[in-house]
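Heads up, there are several structures right after this.
Shared between the two complexes below is chain A, which has chain B as its partner in the first and chain C in the second.
This part shows the complex of A and B:
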């Protein structure tokens, strides 16, 4: 079925038709979002969004950037496991994860340009004489921009293999460790800072979420959502592309998800208790959302406690989905649902057009992913090529 | 075998690294979650600038004439603000002339709002009464909007403490709008090239030794301009007044310098002032202050706020984690060491 012969590095393009139904649906959604964006740039933000001075940040920030970049943490956690903790068995999952991250972050960047009210000045973020070192956002912005470049470099071997640029590939491989180290450091920095960004809103964020531990919780959800998206994508890919599941690896990763989710839930309650806000969880404003988030998180982790469940693809899929939604909801709660403007009353619910722009951005991500895995050696070749896996041999 | 030994020592290294980072994380968590008085991360609050200037708004003197709203529009060249529910003046569709702002916006830097309860007949009474409140930038001593701005578009003058905004630097991220504890900076969402707008204490007029528009036209001295230190003293004097006392209320500049001397007026205090001066302690203090006979929460001002500005915490956390970039550099060195060793094993696949 593969158009391209197996590449000598253990990855292969999936091949197959590009113009499939999912691809066409995604493309149509992208075109619609493009049309709406013309309105946004001609008439201003209010023409397509329900943004206001009470809610200056809506779903374009909360969903596209804050949640979208957490989806992009697949590459982060896989690089961490594979290259830093030297768990070679995760190797087959690194490249698809890095690709997903590349799109996740690239499109978060695109969403920023949609949301910025004075987008033509965006490059001021990069100019030292404009820099304002107290701004958490400056750190996030610079860090994310650098990380996107790192992801491109991390993914470059796939391009170089595809187009047979062997010399450059070897040279890049020699220095790739620098980029791998950066690829773990940078998300650790900006994912935690995404949490720190909301510390300054103070009393406007419900005490259920307002804590100095925000950076810790955001880092934990980044790691958790990174794992969950890898598990989720593996199951989806095996269903849609009729590939074998990476079951033994997924089983181990499920154990890690269980640990991270448990730490998150435990720390959440310790934090509430410490700040004397546990009562707010019972009947306080927005407490319903706190429980939806917590129940999903606990449900997802409980499913993973029996070891047998971790190798069942159905259970793993349900658990990963629950943990993913719990992470999404946690971030949405911090950035939108738990937020109350100081001098109100204000209301916010995204407009249909606003939602369609977000949908279009995610659709672009999916469409590009489909093209890339079919045309470039991203997925691990199913039948190992002659040479045994060095990492497997070492650990075996 | 040497290979074996490497394996063992690496495992040991990793085990120790994990243990070490867990301990570090636990310490960090304990430090971060500690109550504010024992907070290792909080940076010290900022002092009031040497020549800090501001406004003192006295709700009991305000008659709700909104001359200040009109003057503010005039001197700052701000367009009229017509709410969607308001009819156009003279019934000319699309060409309304009646400026009727009800809230601060990208078109309105200063607004007078009214509190009303029950029959609303008694001025400065929370029960069956009414009271006014002036809303504009309070020019915080430790402003959140300045702390969050990634491109130094929002700045606080080192001498006068006036918080102003430079649209040419601004990227329009609206983090200032989100972070302001008083809901002051506003963006124009109906403009393709919208700007952030907020009161800049008429710094262009102060440079010409003229009063801010609002203080210039206020007929009763309800809006009084002056050095923040002097205004604080005056506010303390007023909150100590008892009903029935006759006292003098100055007008314009409290020292009669900026904009020339103005005659004030003598009046009998009708209702007891609230003992608290709004802006004296809120979030590290503000250069513009308010006194009132009606509690400030009834006037829709945030009252559930700490005495330290939120930047003391967010900047504290950030600058502790990133002090001299030492932390990230050390982490990078560790990651690079491990990545270098481990990719070697992987490349010959």
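This part shows the complex of A and C:
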């Protein structure tokens, strides 16, 4: 299979000013996070975070890694649709999605280094003689690290086009299918393993979330959040960069989102019923959070049921936002809210500095995205608003 | 097998291969007298315990039981040199089996200066007789170091120097075991100026491997397990570079020490009787040699009275008695050389905070982020609404 055959569109850099207000705001947040990280590395974790022996995992894991990597699943679902299921019409969305994934995963990896107490030993993970091959955590770690590299390769054509390194690009195109296959395999593995990781905590996780199906739910939320991010990003890009909406493709994708979200909600209730825990949802501990998550999920999918709604960018945006927040909350519930890591009077709520580090990491993601789409051929060039790029001619 | 008849005996007392459970195993009842008041079940349990100490499959306990009761029992000749008799004393403290079970039923202890009833010429003649009768088959065990200075005159028995006695005895021995630190490398008689030129047995017996069970005193079960391993399998267990059985000396004391978590967390007793010492903190800073000494003391313990009955367990630093170059060489309160991990320079606090609830600032930030997200979402949705209207209008006009 040639990847090339599925590329009916060229790509072009959007061009335009780099120093826009959103970029400056994001940069300021990044600088603030950088300042806090200096504190973290000089004075240790306790100086910046509220992490403790009772709560060794805080938002730097739950949000930056678990949720951040789900944000990074845009590239996963697009590659799955476009290349594995051979739906060529999704192609215009692949490259922006891969870029979003690259930042999502790269920065999730960075967040791990921030969170690790003995970060200087991180490379031990790569050394087989230190490995415990039955460890779920090892699987997640290796998979995420490998996938980040795969994403760099998947995104490399954009660089190579921009800088006109044609020979290398052609060579890469011949083997790119290997990386695309890996790019679908790896997230399937580690996104479900993120669920498995919490299966092994047993009773420490509230029965509302603790189930053998956790890997399935994590995979489903990864796919769902991947779709939601693609829709969201597409709508935002159209709006902010004044481009035509990609409505026909989005309409189809909305249908897929509806299916995945419905499967998730149905499976969630069947699972609760099967385990005899439906009662816990009514008055049990953290049941409020369960309902917030479920109502958002159901709300998001109900909006997508009328077919006309799927073509409306506003409904699509609201629905994608709701599903995204529902996915975020589900993962937050499993990793923090419904999770009691140790017995005793332990408390955890992230400190202001901790939150600002997380905000800074996400801001870095947005800032880099803004620079990349303006400077590199990322967006498809059907109706280029910016300066038409020579890559158009070279492509195809 | 030392006596060459174990296989025959094993056949006579029952076919082991067919035994599914020990309940069907009736053969050992014939040896009732040989079990020194132990019931057959107790005896088999003991042998299974020995197998476990040796790190062998429990099924091999039956083999050990057979070998232990097979008659005639292997002859053991025990010679004592420059020592405090602590090694023999430690054997008296065993209760599974008791010493009498060992020396009357498991082995045939034909000569031991501390325990034998005979004395003088009678004892000496008996030793010669036992050596002659079992030439090439007996086990030779020694405790105490060998004085070599001035022709070895500093230790003499029956007119012979100890040096001569061990050389003579080793010639006919099937295996040579040195018990205790003195016999292993010289021990305390060899400390400092070493006035008698004391050395370990392996310094004077060069033509045969000398298995060592160092310790001051060593754990008697390490000795018993070694002997029974030899009796049961006819060969020595795996040994380390200092000829110590790996089943007992394979790990650093530091690795299995019950105070190890204190070491890792940086909680040290700084002097005897201080707060940390009373709390059972790590004794490394009092000179504990656990980090450079190989022995199973923390796991096996002494005197069969339960966990914690070993020097570190009672609050005294290990002084490295099983390790040549540490015990009797380094001073007791000198810091150990760390063979595995070094303690870090800084430690987390001993009393850890349990975390606080939500702070006003954090609540404000989270609310701000949520508010900004919802607000921005609403603005975007509003703009998209207009966008949709335009799109609808344009599609209608088309």
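Quick note on the criterion: the second predicted complex is superposed on the first by the 371 of 396 C-alpha atoms of A that agree within 3 Å, B and C clash if a C-alpha of one lies under 4 Å from a C-alpha of the other, contacts with A are read in each partner's own complex, and residues count from 1 in each chain.
To be clear about the criterion, a residue touches a chain if its C-beta (ideal position, glycine included) is under 8 Å from a C-beta of that chain, and two chains touch if they have at least 3 such contacts.
For clarity, every value in this text was computed on a predicted model and none was experimentally measured.
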Superposed partners chain B and chain C on chain A - clash or fit: clash
Touching partner for A:351 - first (chain B), second (chain C), both, neither: second
Partner chain in contact with A:63 - chain B first, chain C second, else both or neither: neither
Touching partner for A:239 - first (chain B), second (chain C), both, neither: second
First, second, both or neither for A:158, with chain B first and chain C second: neither
Touched partner set for A:332, first chain B, second chain C, both or neither: neither
Partner with the higher number of touched chain A residues, chain C or chain B: B
Partner chain(s) touched by A:318 [first = chain B, second = chain C, both, neither]: second
Chain B versus chain C as contact partner of A:222, first or second or both or neither: neither
Contacts of A:52 with chain B and chain C, given as first, second, both or neither: both
Clash-bearing segment of chain B relative to chain C, given 58-66, 166-174 or 202-210: 202-210
Residues of chain A at both interfaces, chain B in one complex, chain C in the other: 52-54
Chain A contact footprint on chain C (complex, rising order): 352-359, 361-362, 365-366, 369, 377, 380-381, 383-385, 387-388, 391
Partner chain C, residues of chain A touching it in the complex: 50, 52-55, 235-236, 239, 245, 247, 312-314, 317-318, 321, 344-352, 355-356, 359
Interface residues, chain A side, partner chain B - complex: 9-10, 41-47, 49, 51-54, 56-57, 82-86, 88, 91, 115-119, 121-122, 124-125, 130-132, 134-139, 141, 173, 176-178, 180-182, 184-185, 188-189, 192-193, 196-197, 199-204, 211-213, 215-216, 267, 270-271, 274-275, 341-343, 387, 389-391, 394
Footprint of chain A on chain B - complex, ascending: 10, 14, 25, 28-29, 32-33, 39, 41, 104-106, 135, 144, 146-152, 167-175, 177-183, 186-196, 283, 300-302, 304-306, 310-311, 313-315, 317-319, 321-322, 328, 331-332, 335-336, 338-343, 345-349
